[in-house]
Amino acid sequence: MSNTSYDTYRENVAGRADVEDTPELVAYYKELAQLKTGALWTVANKIEPWQPKSESVPVLWRYRALRDHVLRSVDLVTPEKAGRRVIYLNNPGRQDVSAAVGWLYSGLQVMHPGEAASAHAHSSSALRFIMEGRGAYTIVDGHKMTLNANDFVLTPNGTWHEHGVAADGTTCIWQDGLDIPLVNAMEAGFYAVHPDLQQAVTHPVDDMPAIWGGKGLRPHDGNWTKPYSPLYKYEWAPTYEALVRHSKVTDGSPFDGVLMHYVNPVTGGPVMPTIGASMQLLRPGEATRAHRHTGSFIYQVAKGSGYSVINGQRFDWTERDIFCVPSWAFHEHANASASDDAVLFCFNDLPVMHSLGLYREQALAENGGHQVVL
Amino acid sequence: MSNTSYDTYRENVAGRADVEDTPELVAYYKELAQLKTGALWTVANKIEPWQPKSESVPVLWRYRALRDHVLRSVDLVTPEKAGRRVIYLNNPGRQDVSAAVGWLYSGLQVMHPGEAASAHAHSSSALRFIMEGRGAYTIVDGHKMTLNANDFVLTPNGTWHEHGVAADGTTCIWQDGLDIPLVNAMEAGFYAVHPDLQQAVTHPVDDMPAIWGGKGLRPHDGNWTKPYSPLYKYEWAPTYEALVRHSKVTDGSPFDGVLMHYVNPVTGGPVMPTIGASMQLLRPGEATRAHRHTGSFIYQVAKGSGYSVINGQRFDWTERDIFCVPSWAFHEHANASASDDAVLFCFNDLPVMHSLGLYREQALAENGGHQVVL
Amino acid sequence: MSNTSYDTYRENVAGRADVEDTPELVAYYKELAQLKTGALWTVANKIEPWQPKSESVPVLWRYRALRDHVLRSVDLVTPEKAGRRVIYLNNPGRQDVSAAVGWLYSGLQVMHPGEAASAHAHSSSALRFIMEGRGAYTIVDGHKMTLNANDFVLTPNGTWHEHGVAADGTTCIWQDGLDIPLVNAMEAGFYAVHPDLQQAVTHPVDDMPAIWGGKGLRPHDGNWTKPYSPLYKYEWAPTYEALVRHSKVTDGSPFDGVLMHYVNPVTGGPVMPTIGASMQLLRPGEATRAHRHTGSFIYQVAKGSGYSVINGQRFDWTERDIFCVPSWAFHEHANASASDDAVLFCFNDLPVMHSLGLYREQALAENGGHQVVL
Amino acid sequence: MSNTSYDTYRENVAGRADVEDTPELVAYYKELAQLKTGALWTVANKIEPWQPKSESVPVLWRYRALRDHVLRSVDLVTPEKAGRRVIYLNNPGRQDVSAAVGWLYSGLQVMHPGEAASAHAHSSSALRFIMEGRGAYTIVDGHKMTLNANDFVLTPNGTWHEHGVAADGTTCIWQDGLDIPLVNAMEAGFYAVHPDLQQAVTHPVDDMPAIWGGKGLRPHDGNWTKPYSPLYKYEWAPTYEALVRHSKVTDGSPFDGVLMHYVNPVTGGPVMPTIGASMQLLRPGEATRAHRHTGSFIYQVAKGSGYSVINGQRFDWTERDIFCVPSWAFHEHANASASDDAVLFCFNDLPVMHSLGLYREQALAENGGHQVVL
């Protein structure tokens, strides 16, 4: 702290620090610094804010703007040199940690038919959400999952995993979601390249969704104690069907329409300890009310078009667009169609907020619950 | 104990009681009886057996033998007088507690189109498995579920519930499964008739399976903390589909083929605290090996035909037949068809065995794991 | 059911069975019996009672009446022949299952200095509460615990265990508490004699209470996943001290005074899955109000004297007396001393009631919450 | 990223990114930046390190150096202006977030007899460890706890709390420990000043330790579901006694001597969701072996003297000194006395590591498990 001023954060409020710099105090502060210490009252109001103020800004990334750049990476770099050809989303407020929002990383990855990335493992948790193409697959600890558009697949903390596209497939693009920034911040990041660069497929293809994907059913021989979901792949078709069926019997949430969380079927809890995911349906013409809560959220439009208002700023979106909602930002969503439903995929750090006891939520009270668009 | 002999249970084994009656001891025993006490060594070997010996006997109830009697009850008694027209399964070893096996009750209930039983609540937990007919329904705490053959529905401990058949349906027969004998044994049975005799349907029909029936999904607004599954109805079609899909990627259990347990999606645990349920598929020609375990089991043949060997006795079964396996009885199952699969529905007290830490299991070691049929 | 009458349980209440025997019906019932079935309406009101009616009766066993008989057993039988010299409490309503109340067994065991019982294991869970003598010990899976009056020790389901008295001790008497009747009823009882008849002490004496007995502390290397408490021994001194300290800051329960449950420190839950235990303090002159609940309870007076009213019957007790409260019996307790506190040890099947979802409780509304003594 | 170089993090290892800047690529990168995106391979090796490299450095803060400065703050600022008079520990690597190590804040607070801080609540979790003085107290949600040296008290997330010193006490100094940096990083920090500035004491003094502090006991009326320990205060005397007793029956951990974690007695888990705490005893002459693990740790010497080696650097400590161990730093501890034991209090973010699945541990293999001191 080379600053000559120590009283930047003063607040004239009972119970808050309000100490003016004096020569004597400044001398004292300098002595404290020598001892690798400081006076709390010089920073208390800074480090104990009245409420969160996110470093991240709301951003919408248009797929039609990004897609060409993603495809171009195939020509510009080889998989051998680049590892993976990924364009990552770089929130203007989080460039120091390469985050899309908060402590979440996201990128768009492209792969040509017949290509396969090398296998690795890391203490970050990851998910993939398929955007386009046929023939994509992911292998997790010897289990191979085939993937189609709007499917969502897990590659949890500590698993050997790799991605590829079948030789008879088409160019595939998907969204990666990881907690890399969080794991780095927690100073707990480990990385390993698979000794054989590729791992063997040691189980029948798509076995985990077959074994664990029963509706209200658990396999008798399924003795699963790992801290993440054994389901691995969550397919689009049954998810969408569940949302539609659900939408016919409930009003849904005033803030989110009909929203369902992807869960670990063994526990009913989140799919991984650090990343949650959900899919939500907005009925034709539905416009939700605004609320805000802690946690960082990345959305991808799985179906339809509409707009979201985030901290007073309107973002219009259509299929495959991606946008983020920072912590404690007011947000509301609207389906622009009067005839078709709109569906948003989302991943977030809600499990972290809940584990650490930090989740808080507040509805917008004013203006019928709708923000004034700036 | 009016017996003059107190040394019936002697065993000449180190660590076991082996005390012969003497005049002095008998006099002592009589004094103890006056004090509402006894000498442990006179009963120790009886109350601490080397292994369980069930009071129940294996029984197979043929549906074609029972069906006429079930239907006849409709002519013999009115719902108003009988409450419910049910023929219950009465295990020869458990007639004192009206149990089908162990502490489980089961009966076959019949209802004509347009009939409805009165609503009641009890501390027993119950399930219904639909055997035949169209238009059956169950109402649980205001939630109405429509039911078809091989569907399975819960009416848990403490819920208001009632059954009926739609006016445009057909005569319906279903199997009831309850823990009535257990709850009575635990001296915890309460019963109440609904003040209005019928309860109102206060939610959209089939809302609970729509809200909670997502595959790997949890409703956002679902804040369920009751000790039983909110899914209420488990439909046959997705269950059978899950078994078939599962059977393609695993060998299944050597003792049970491909077996899946019905679960509470909120916890991944059993559907109710006292009754578990499962569905298992035996592939064409599959004959499982024998094992035995604690807990009592009632099976209904949902599809196909075959046989089971229980404690050395062979029971041939076909669709809709019901049979029971007592605690610690060796049992194995075989599908008699070389072309079709066979499917067994089962309910049991496994959750009790697990909660109380009493589950034990043993494979038959001899004869390639198959019992010698007596 | 050799009875010629099938309409014993009729009730003229809407929603209950009320079917009169007719020759046609009796013929039908006999046909059903041939098929190992029955008509539910003939037994429904019996097996679905309005509320529990316990088979057990309230009993108080006076220690001064039992003590001589217990001591006499030492002269009458040898440990080799008797296994253990125990006088068990035989509730007049439960003699068929040798229970003290409900599904709980209890007995008074005596042992002379230098004696040791043989080691065994069983699927019943057991506890001992020390009544008198010096030098008693229990060994559980190689861990030896030394025991003094009012100490309480566990020998859980599946553990090798044995009891003895040090050569330099005195004759010891303790109360055994087990779930033998429950485990037999569940048809899950296994018993094994230790191959060496005595097991070796493989850990420092009293190590488990030293490792797990910290107040608000857990040992770093304590990785305990067994379903019972690793604390094994609960000593009287810190328990009494905790009750006294607790009694100074709370009013306690209107029904139980200051009551604390013994817990598994790893989970905060009951000490064993099938048996709970507690210690409660009644302040000088304290007389609690009456309530009733499901579950069976056995009390021993650890300190002081007073009386309990159980289903309208008054039982006066003093130190070392034992009494039982059957399920759903109203009960209230009073300390007869105006100057000293009274302390009751209790063990019960509350964990079973809670696991199975069968716990219910009701306060006595009339007469200021006090029963009229008959 | 105004840098002209994008290839800073290249690694020539199969499976890692190794792309050299070319004019074409740099142009591409600039286009990506316009779209608020970047190329993963330019940062992949930076954000996916092989193993953690902490931003924090090991520091030892000597109490005898800090004490005067802490006391001087009393003369320099008033409680009204400063809020609290605290000198916080400012790790050279974490000055941007005012952390002592990792995401943990710590400070030394001083208060004169008769003083009381104003009551507030925040979403940070806090603990206090008393260093010197008589008469300190903390009030948490109306529960007042009196505090002595080496006592440890909780003021969890969301509770109203305040500190003070009794008028007849002496000047008190204690260590504060909070997760302020973590909560800010998670963008979940809320702060509120109590409307009355002081809260009323609404329960008997020290009631929570009396109610919840039984050894292996739970209060009957204690229905606690909050995510933190109701014990609130952990006293030094029983903690030290437990360590000594424990040390007599086990060898302890090769890395930590005899270490016990403070727990929430309701669950057996950590005292708060984000901060764990422990106390460990090093026997006379004991020198532990080195290991490293994820998570950040702050130690205070509660008793005795000795040294710790952290990442090859030796730190000698004596009573009241404070030091920190950053994530993944090798560390070992030694008691310098041949006759007295040494005891270290520690608080840390282990619960976060465990909740998020990020805990990893590694023993030092070389040199008999001891670091070479640099």
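Lettered A, B, C and D in written order, each chain numbered from 1.
Assume contacts are C-beta pairs under 8 Å (C-beta built on N, C-alpha and C of every residue); 3 or more make two chains touch, one makes a residue touch a chain.
Per UniProt, the chains are A, B, C, D = NADPH dehydrogenase.
The model shown is predicted, which means the values in this text are computed figures rather than measured ones.
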**Report entry** Reference interface A-D: repeating pair among A-B, C-D or B-C with over half of contacts shared
**Finding:** B-C
Query raised in the report: When the C-alpha atoms of subunit C and subunit D are each averaged to a single point, how far apart are the two points in Å?
Result: 44
Query - Rounded Å distance, subunit B centre to subunit C centre (Cα mean) - result: 29
Query raised in the report: Distance from the CA centroid of subunit A to that of subunit C, rounded to the nearest Å?
Result: 53
Requested in this report: For subunit B, jot down the residues that touch at least 2 other chains.
Outcome: none
Query raised in the report: What topology does the chain contact graph adopt: line, ring, star, complete, or other?
Result: ring
Report summary line: Every touching pair of chains is listed here as A-B, A-D, B-C, C-D
Query raised in the report: In the complex formed with subunit C, which residues of subunit B make contact?
Result: 1, 13-19, 24-25, 28, 31-33, 35-41, 43-44, 46-55, 59, 61, 65-66, 69, 72-73, 76-77, 80-92, 95, 97-98, 102-103, 105, 107, 118, 120, 122-125, 157-158, 180-194, 197, 227-228, 272-274, 294-296, 326-328, 352-353, 355-360
Query raised in the report: Where on subunit B is subunit A touching in the complex?
Result: 203-204, 206-207, 210-221, 229, 231, 234-235, 238-239, 242-243, 245-246, 248-250, 252-253, 256, 259-268, 278-280
